[in-house]
Each structure stands twice: as structure tokens, then as C-alpha cells.
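Note that the chains are named A, B, C, D, E, F, G, H and I in the order they appear, and that numbering of residues resets to 1 at the start of each chain.
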Amino acid sequence: MIEMLVHLLVIAGLIASALLVYWFRDLLAATLSAGIFSFLISLEFYILQAPDVAISQAAIGAGLTTAIFIVAIRATNRYEGGGS
Amino acid sequence: MIAFFVTFLLVFCIYLLLTAGSGTIGFWSASELIAGAGLSIVVAGITRKFLCRSNNYRMANPLRLLLIPIYILGPFLIEVTVANIDVAGRVITGRIRPGIIRVSSDLKTDLGIFMLANSITLTPGTITVDIDEKTHDLFIHKINIAPGDEEKATVPARELFSFADIPAWIRRIAE
Amino acid sequence: MIGYFSPVAFILVALVCLAMVRLVRGPTPADRAVAVDTVNTLIVAVLILLGVVYRQIIFIDVAIVYALLSFVSTLFIAKYIGGEL
Amino acid sequence: MIADILVLACLAVGTFFNALGIVGLLRFPDVYTRMHATTKMTTFGSVFTALAVIIYGGASWLGTTDSQYVILAVHTLIAAVALAFTNALGSHAIARGARRSGIRPAPAVVDRLEEVYP
Amino acid sequence: MNGFLMTNAPALLIMLPLIGAFVTPFIGRISPRVRSAWVILIMTLTTLTALLLASDVFLNGTQIYVFGAADPDLAIPPDSGGIPIRIIFTVDAMSALMQVIGAITGFAVLLYSISADRIHSGLESFYTLFLLMIAGIMGMVSTGDLFNFFVFLEILSISSAGLIAYRIDGGLAVEAALKYFVLSTIGAMVILIGIGIYYGEYNALNIAVIASRMQFTLLDQIALVLIIAALAMKCGSVPMHFWTPDAYSMAPSSITAMLVVASQASLYGLFRVVFTLYNVTLNAMTVGWIIIILGVLSMVVGVTMAIPQKNVKRLMAYHAISQTGYMLLGVGVGLAVLGNQPLMESFGYIAMEGGIFHIINHAMYKGLLFLTAGAIFFRIGTYNLNKMGGLGHSMKYTMIFFIIGALAIAGIPPLNGFASKLMIYESVFAFNPVLAVIAMVVSILTLASFVKVFHSIFMGPKLPEYETVQEAPVPMLIGMGVLAAIVILFGLFPQSVVNGLIAPAAHALADQSGYIAAVLGGA
Amino acid sequence: MDLFASLSTGTGYWNPLAWLLATVVAAVIVYLIWRRGESGYKKGTAQTTPFISGNPEPAKGMVHVRASNLYWGYLDALKGYYDLIVPAHTGVVNDYLLWYLGVTAALIIVVVVFV
Amino acid sequence: MFWNLPFIAVVTLGLIGLATVVTKKNLIKIFLGINIFEAAVNLFLISLGYREGGIAPIFTSAPSTEMVMATPQALTLTSIVIGVATSALLLSFAVIIWKKYGTIDTDQIRRLRE
Amino acid sequence: MKRGLVLLIFVILAGGLLLIPALLDFGVPAFSDMDDYFLKNGQEQTAANNIVTAVVFDYRGFDTLGESVVLFTAVVGVGLMFRHMLKEEEYEDE
Amino acid sequence: MRMSKLVRTGADLLYPFALIFGLYIILHGHLTPGGGFQGGAVVATGAAIVIVAWAYEDVAGMIRKVTMKAQESAGLLLFIGTAALALGLGYAFFTNVLANSGSLFGLSVPFGPNPGELNTAGVIPIMNIAVGIEVWGGLTVILLYLLSGLKKEEGS
């Protein structure tokens, strides 16, 4: 039962962080939300008994994807809607 | 060459720790030992220039390494616990008096200053914000500055901790 | 003894959700980075606890990977806000 | 039995400090003080929960002599050490980045970094 | 040795380009000459393997290849209870036809490209991606496993996107690649949802197994919609064609010719899903009409958008959309009467044959046209029709090849475009006369549009700015010549081609039980 | 053999070789007719220069009709259609995706609801 | 009540991802939307293979009861790699476009149209 | 106008996709013959304890090759994007 | 630009640890969760830590793009070569010829729960290593390329 509640909360957090990605206009904040989204989805994989996928998502989604997104933001522009 | 061996030994120990409980030779099986040695050679070949960048092998002394767990479980844990309780009180009451002060320590080596800074950061109530790369002075953000400290140009590192003499311990380990 | 672990895991996940409030409120990127760092730490604890709850010792490896790797994104963020990237 | 109590105590301590860390994260006025609350206290709390797992593993190993509990304890130890290590560095990096980007400690009584980063 | 080759041809077909691609970046460091020789060698071997495999398939029927089994022909392990568990390549006549198209076009394009893209930077990467593209096409058309299809689709999209963006100096090519890649990523993910639905329902990924278990429940309908919409988008049918003109016009010309084949591989996937995976279980009339409507829209909108274009490659890209409409129309008519045996015999098979024949014809003449456009660009440095003129005086061979391609695409006898279009007209007329009339009008507009292009590029007096223009280099002409020869040959002997290549492909496509039997045995 | 066979197209036949033969025959006839025409033009005299109502012949580059001038009438006649269809190609990737999703949604309605 | 919560989460996340892609004009935001969509698809595959009360399909010395399905996890691994490859290529496109156009707003990246 | 269209499309898509949770049961798969085969025979046939790895590298090894090739392709593509252009490579782009 | 001295020292210390841990994950792919891809990603992330802590110019000499690309191709060639080994022995492509054969990685395991033994699973560990090498090179080189693009932009 309590595992079910954990599961429920994780899914709630997932949806909340996805909405945050949609909502933020500051791209850095959006990327951070996407990072949290990655952590949580990795936790969800873990709960669904897929540790291989969880490691993969942790290493890729939480580590490297966030990193390359930040590098790309640095190379372009931080705020949505800002011109050159 | 020394760098290679130091790295090899360190990495091999970590590998053994990771695979502990796999077999009957001690805690390990034969294939794990062979594989571990092979991988350690590879890793040592790649990372020896990174790990031993400063060419300072004082830390490789096993006695000094043995001191680290003693330090962490002894004085450091006490400090952290006390500081945690202190900060917990501040979280609940909200009484804070923050500020950034300059802390001097006479540690010379990179590893020494690294350990001191990490100890300071891990102790609640203090964060290492920056380091003066020449003099190895640390800039510390402290949540509750003792009255009078804000006047001093530099504060000795010893005074950040209430019980144990952490800088002395670190000097014993790293220098 | 295992029964103790799952309620703690539940509380920690609830704390993760609370920490996201700081992510929303901001106001500076550094605050958000602190929130992300907190979430990392908590999730590592959750992973360790759940590994025990599921009686799968191999699951702890995931926690080690987490503890190591969440560091990278923190460093990139810190370097970016510090203007050093 | 003793192990039971120890595990429970460690878990209680860990949960308590984690919760306080989150409260601090939400209550404190600026980024540095928040960092005091969160990164330190949650690290401390998480290390304590890990400690609970280590004690559980050790106790089970003593009870059954099954080597998997050794693996559990050792790996949890590694995770806890890695966590503490990276968290210390990470919070230092964030603090430095925040200070470099011009965020000043809000109700500060003294700021010795003024002369370095005006 | 021959037995070894015959048995392992499907694996070699993928393995050869991949090995070539992995080694190319390092060979390229030695010298450009060695690299060209290496790439040509790999491509020749691949082409030979494809032709060998195709001859085997057309002579002996469907070939299967089981990856990872002790015996490559053993699809079902004895202890598994009658289901295949490994990845299986199922090469039937339709797949073999697509392989032949890909191999021949790839070979001709490579010969052309060795000469045309000589002066550019990053050529190791260019040829690596080219070979990966070949591997992606070959994998897509020969696999019998849905997830494997998705993986090769992604290889194809990523390598295509990299190649479309090859000219990074202006930013326009990158813009085109970005649009293509965003669309195709979303499309591929949607396809993956569809595959997941099949997996959840039937716990299988093999096309034959899913086909044999197919019940066409509500979920299957959703999966069908997701997959056919995504694949129709990838093959550029209106109203999801918007990426096509951008990508086709901004890619290097050699790559544009390959992109035509790539989009046809998606078309193949669409047909495979509709015919083999569902076949008569779906409501053939509705889905058939959906495909027909997509086809008619593509034909009309494509050709009408082509007429006012000023960029020659963009114009040809719109024509590619329009021609894709013919294929969809022909095969859609075949699908609409699927299951009705008398109608199928009287015109259904002919319509499908027309559509499939049009695939191969289109790959040939559209590839030829893009190559001629590239040759013109190579010499005068612009695609803008307003700035061209009078090139017929100096680029005679290019002009001849252009005429061949243009007449073929407009459906002028005796070239191959006419043969396939005639089959489509007559069979579609029997199905619904209005559609045939639309098809003919579109054909006329195509001719009109190409008259315009021909006039603008080649006719008129020699312009002063192009006084010194010379004929395209010989290797480029060889590349174009191969395709032109195929266009003429297919036009002169259509019945042999239809009997030898097209009719088996059409029947293999329509024959679901044969496909299932080839994998699952008996039944 | 069937290399020369006719292509059966369901209701009719098509034999390109026969068509070629007919074309050749027609070409021969045309050639014969052409042979009977006037052959008295002399190169290099005023006989072969263009005559444009007595005006001087324009420069070579001006004679060529550029591409955008072709089919002006056609484009003008279908102006309503083109005003509708050309702005749909907005060049914005969001719109392209929306078209794709819209088609997917429409197909969902057609296939799931109406079947 | 919560009988197939993960599937509902999949649909919600997928729609959020698609909405981000369709309505947002910033390229990096669009890529984040694509990432979310991919994560949703991965979650879908994993939840397809879950079995009530199953454990991870790895034989250890732990007592083995029923196991969850292995194939979806393999598929998801592949899908994650494809995701990171896609992200990397898309981001490099964005960087180049910023260099050449000075903007990453899709309303301005439309030199190719009609 | 366009907002309404977007909303309509998303409502329809949501309706279509919500059929998945409505019709598929979480945690109780209908068929599982292929995966049962892997779980039953995988350890014997491949001698690997981790069935996921056995599936990834043995039963579906070809997919893994494709996956690696995708990564390779992306790396080559990224390299192509950040290459140094030659001097004579100037185009007149339309 | 470099980060502070503390972070640099910490990154240098973490790099060997990340490397050995990644290689552990790669090698134990058939026993514990993980495998070539995950381990390769961990190793690449370890390299990323060093790259981010030091400046791009500092590490460009030590973690070189050319080496990493060569590593990537070498990994792929090893992978496809392992798969083609079966072709040479008369089996189909990708057959696990070494499993239960008694040679390298050729021990067999008992059915059911067991703690696992490293020396099993046939070609799977070899393929894990190959994929690990490839992913290591690939992800690192992606990061290096993106950072090099950053540098060029600053110069112009």
C-alpha cells in the first residue's frame, strides 16, 4: 500500500515538473525542471523494477542531457522570446 | 611511474570494495581479482596525470589514509552533529546573522586545503564560497557570525569549530 | 525490520515534492540549483531505501550512479551562473 | 533487537533532518542561508538513512552470514561517501557561482568578498 | 562459398555499409583518393549483394534470416511453442525491389557525388553518413521486426538530417534540417507508441506474429492511425509535406536523390503496415480511401505549388510530392478493393502494380533530375531559375539527360513514367473515373511546369554571364547516364519489368498469408 | 519472348516498341513532306535575320524570357487558389507539427469513430 | 482505483510534451518538449512490461518470484540512446542557427517558405 | 481561431490516447509467451544472470547494433556541424 | 575558464573513481543492472566532470577528440567483429558462440537464483566492453564538440 502511495507521489511530481518545463520562460529554470523530471522518471523506472533503464536514464537524462542543454543555452540565449 | 602505482593501488582497492562478497578468496573470486587488476591498469594509465597532478605523494602513506576514517568518525562527526543541531534550532527559530568572512589557514597543499574546505562545507552553518588561490585563504559564508568577528580582516580556521581542532587534524593527515 | 523503510521512503518522496516549491518560487537560478541539488540528495536516499524494500541488493548500484552523476549537472549549472562557461 | 532500535533511531534522525532541511529551504531569506539548511542537513539526513541501511545489512549478515548483505552494506557505504563528497563540492560550486553572478548575502553583517567581486 | 553468400546475404547487406562507415573517418585521414576508392568499393559490394539477394528472392521466394540463431533459417526455436523470439529479416519480393532501388540509386549517386562534392570540407563525415543512410534504407526495407524497423528509421532520419545540414555556411540548410528532424523525431516517437500498443496487446514484435494474431480491436485502430500518419508524414504526403521542399532544396543534390529513396522507404513501411500487418482485418474501403485522398491531395497540391516556384530544386521537390501522390493513389486503390477477389483480379492488382512500378520509376527519373540540377549548380552556382538561361549551348549532355528525366516525369511515351502512369490511369478509371481524370490533369500540369524549367535553363541565347560555362565532369555524367539508361530501358520494355519485378512485389504485398507462412511455417 | 510483349493495363495494351515504330514511320513521312518545301534560303543574307516590324533586333540577353514571367496568365487566373494555398506554407516548424497532429487527430476520428 | 495510473501519466506527459512542441516558439523549449515526449514513450514501454508483484529480471541470490518482462526494458534502453543522440544533434543545429540567424525563435527561422 | 484549433486537436488526441489506459491493463499483461520464454530459458541459453542484458545483447543484439550506430551517426553529424569550413566553399544560397 | 581550485582538485580525485566504477558497471553487465551503455555513460560523465572543472583548453590536450573518435570506431568495429565471429564459424550473425563453451567467458550458470560469476555469458561481456568503449568515446566527443563551438563563438 505504502509503495502505491510512493508511486502516486512520484507520478504527481513527474507531471508537476513537466508542467513547470512548459511554464517557465527562463530557459535555465526550464532545463533545471527537465533535470528534476529526469530524476523522477528514473525513480519511476526504478519503482517499476527496471534498474537497467533507471541507470541509463540517470546517467543520460540527469547527467549529460542537462549538461549539453546548458552548454547550448550558453551558446545561444537564456530567455525565451529574447532576440539577438 | 610512482603516479601509475599510486593510482593503480587506489583504483584496485576501490574495485575490490565494489566487488566484495563475490567469492571465496577472502571476499573475492579469482576472476574478479584478475579483471580488477586489468581494469585498474587501464584506469591508472589514463588517469595518473589527473590524480597525481601535483606530484605530491605524501597522501599515499597508508598511515595517513588510515587516519581519514578515524578523523571522519571522530572529531568531524561530532562537529557535524553539534552544528546540525545548532542549525536545526536556527531553522525553527529563524534567528540568523549571516555574512561572508575571510578565514586563514596555514595549509599549503591542494589536498589539505581541499579537505579543510570540504569539512567546512559539510559542517552546517558554514559554506566555502571562494578560495584565494595564492594564499589559500578561504571565504566562508557563516550563518551566525559571532559578534566581533565581522571586524577582523581574517579569522583563523580553528575558531570556526567549537570542539575539535579540525585544521590540526587535517595537517596531520595531509601535510 | 524492512517494514520501517518504506514509510521513510514515502516521507522523503513527499519532501521531494515540497522541495519543488522552491524550484517554482525561485527567484534566482542559484535558488533553483539548490532545489535541484536537494532533490538529488533526497532521491539518492529514496533509492537506497527502496533497494532494501525490494530486497534487491543490486539496486544500490543505481544509487551510486546517481550520487556520482547528479554532480555533473550541478557543476554545469554553477559554472553557467558564475559566468565561467 | 538492538539493531532494530538502532535502525529505527537512524531512520528517525535522518527523516527529521531531511524534513528540517526542506523547511529551511522554504523559510530562509536568501540563497546562501538556504544552502546552509538544505545541502548540509539533507546530506546529513541522507547519510543517516544510509547508515540505517548499513546497520541493517551488518545485522542481517551477522544473523545469516549471507554474503549479499555485505555487498549491500559496502555499496551503501560507497553511495553515502560519494553523496557526501559530491554534495560538498556541489554546494561550494553553487555558492561560488551565485556570488560571482552578483547575488549578495541578503541580511549580511559583513561581506569580505566585496573587494574581490565588486 | 556461394552458399555462404546466399545464406548470409541479408546480414551482409547491412554489415558491409556499416563496416564501411565505421572505417571511413580513418581512411579519410590517409588521402581523399583512397577514401573515394574505399567508399566506391563498399558501395559496389553492397550493390552486388543486393542484386544477388534480389535474384535469389525472385527465383526462390521469400528469404528469411534469423539473427543470433544457430541456423539462420530456423525462425522458430523448437522449444518456444511456435513463436519466433529473435530478430528476423524477412525479404520478400517487395523488399527485394526496394533494395534494388536503393542499391542502384545509391551507386549512381555515389559516382556522381565523388566528382561533384570534391572541393568541400568534412567529406569523411559526408561519406560516413552516406553509407549509414544506405544501411538505414536497406535495414528498413528488409526487416521483419517492428522495433528493428523503428531503429533503422532513426538511423535513416539522423543521417539524413546531418546530410541535409551539410552546408552550414548560410544557415538555410541547417534550418531545413532542423524542420525535417523535429518532425521526424516526433513521428518516430509516435510510431514507437504504436509499436508499444502492439507489444502490449500481442506480446510480439515480429510482423508475421502480430499479423497472425491481429484482431483489429479499438487499440489496433489507434495504433494504425498513429503509424500511418507518421509514415505518411515521413514520405511527404500533403498536408504534412512542408518539410519536403525545404529539405530537398537545401541538401546537396546527390543527397536529394537519396532522400527520394529514403522517403520511399517510409512509403514501403506504410504499405507494409497496411497490407501485411492488417490486410483484410481492417476496413479496407475506409483506409483505402484515406490513402487515396492523401494521394490525390498530394498530386494536386504538389503540382500546383510547383508551378510558381523559382528555385529549380524546390520545384522538383514539389514534383516529388506530386509523384508520391501517384504511388499512394495506385496502391490505395488496390487497398480499397482488397478482399474482393473479382475486383482485385480485374483492376486491383494492376493498380498496385502501377503504384509500385511508379516507385521504382520515380526513384530513377527524380534522382536523374536532381542530379542534373546539381550539375547545373556545380557549373553556374545558382538554383534560381530567373538567373539562368541559354545553357543548352554549353551543357549538351546535361540537357539531354534533363530532357529524358523531364519527359519521363511528365509521362510522355515511350519513357518509363508513361508506362506506370498508364497502368494507374486505366485501373483507377475502373475504380472511380474522377480520380483518373485528376491524375491526367496533374500529369499535364507536370509537363507544363517542366516546359517552363526547360525553357528557363536551356533555351534562349547564350547569356553573357555564362559564357565560360563548360560541360559537367565525366563522373557526374556517368552517374546521370546510369539512371538515364535505366529510365529508357524501363520505358522500352515495361512488360518484362512488370512481369519480373513488379508483379511479384505487388502479389507479395497483397499476400499476407504467404508472408506469415514464410516466417511461422505452414499455417 | 516477352521482352517485346505488350504491357497489359487492365483494360488496354501498351507496346512502346510499336509506338516507336509508329513514331519512326511518322518521322519519315514528315521528313518526306519537309523535303518537298522551299530550299532557297541563303545563309548570311538578310533573308535569315529576324524581322520585328522594322524595329532593330534587341540584344541577345533581352530576348530570353525569364522564368517568373512564364505562366503569368495561369497564375493570375488561379489567384484565389494560390492566395489560399501559398500562405499555408508558413515556414514555422510549430505550424508544420500542428498540421501533422491535426491530420493524426482527423484520422483518429475517421478510423475510430466512423468505422 | 489506481489500476493503470502509469498509462494515464504517459498520456498526460505525452500531451504536455506535444503541447510544448506545438505552442512554444523557442527552439530549446521545443527540444525540452521533445525530451519529455520521449520520456513519456519510454515510460509507456516500461509500464507495458510490468507485472503485478514482479521483481526485476535479474537472477541474484535473492529469492526469485515472478519477474517483470525483460523485452520492454531492452527496447527502452535503445530508445533512451536514440533520445540522447537526437538531443545532441538538435542542439547543435540550434547553436548553428543562433550563429547564422542571431535568433532561435521559430517565428524568425522561416527564410524557407512557400 | 488558431488557439481553438490547437485545443480541439489536443482534445481529440487526448481522447484517442486515453483509449490506451482504458483498454490496456497495467500489471496484468494479456499475452506473455515471448517474455516467458526469455525468463525461462534465457539464463540457460546465454549463461547471463541479467535477462535484460541477455535480451539486449543476444536475442535482440541486432537492435543494439542499430542503437550504437545511431549514437555514432549523431556524433558524426555533430562533428559535421562544428567543422571548419574551407575558404573556397562559399555558396550563393537562395 | 577554470572553476575554483577546490572543484578542480575534487574533479581530479573523482575521475579515477568514476572511471573504475563505470568499467565495473560495463564488465558486470550480465550480472548486475548496467552494461555497456550505462557504464560508458558513467565513464563519459566522469570525463565531463574533469572537462567542466578545468577549462576546455586545459583538457583538450589530455582528452583529445581524435582519440575519442578513434575509440568510438574501434568499439563499434569490435562489436560488429564479435557479431561476425559467429559468421566465420558457420552460425548466423550475432550468435552467442562462446556461451557455455568453456573458453573465455564460457562457464555456464545453474538455473535459478545464484550470486553470479564473472566468467560467464559468452560474447555478452565482450559486446558490453565494445559498446562501453563506443559510448565512452561518443558521449565525450559530443560534449567536446559543443564546447568547442562555444569557444569559437567567443573568438569571433
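Definition applied: a residue touches a chain if its C-beta (ideal position, glycine included) is under 8 Å from a C-beta of that chain, and two chains touch if they have at least 3 such contacts.
The model shown is predicted, which means the values in this text are computed figures rather than measured ones.
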item: Remotest chain, subunit D as reference, centres from CA atoms; value: F
item: Label of the chain whose CA centroid is most distant from the centroid of subunit G; value: F
item: F-G or A-I, whichever has more C-beta pairs in contact; value: A-I
item: Centroid distance [mean C-alpha coordinates] between subunit H and subunit B, Å; value: 43
item: Whole-Å separation of chain centres (CA-atom averages), subunit G against subunit I; value: 23
item: Between subunit D and subunit C, distance of the C-alpha-averaged centres to the nearest whole Å; value: 10
item: Whole-Å gap separating subunit A and subunit B, where each centre is the average of the chain's CA atoms; value: 31
item: Overlap residues in subunit G, where contacts from two or more other chains coincide; value: 5-6, 14, 18-19, 21-25, 27, 30, 44, 47-50, 55-63, 71, 73, 75, 77-78, 81-82, 84-86, 88-89, 91-96, 99, 109, 111-112
item: Contacts with 2+ other chains: residues of subunit H; value: 6, 10, 13, 16-17, 19-20, 24, 29, 32, 34-35, 38, 43, 49-50, 52-54, 56, 58, 60-75, 77-79, 81-82
item: Numbers and ranges of subunit B residues touching at least 2 other chains; value: 18, 21-22, 117-118, 128, 130
item: Subunit G to subunit C touching residues, read off their complex; value: 55-56, 58, 60, 62-63
item: Partner subunit G, residues of subunit A touching it in the complex; value: 4, 7-8, 11, 14-15, 18-19, 21-22, 27, 30-31, 34, 37-38, 41, 44-45, 48-53, 56-57, 60-61, 64-65, 68-69, 71-73, 75-77, 80-81, 83-84
item: Residues of subunit F that touch subunit H when the two form their complex; value: 98, 101-102, 104-105, 108-109, 112
item: Partner subunit I, residues of subunit D touching it in the complex; value: 67-68, 82, 85-86, 89, 92-93, 96
item: Residues on subunit G engaged by subunit E in the complex (per definition of touch); value: 14, 18, 21, 27, 30, 34, 37-38, 41, 44-45, 48, 71-72, 75, 78-79, 82, 85-86, 89-90, 93-94, 96-97, 99-101, 109, 111-112
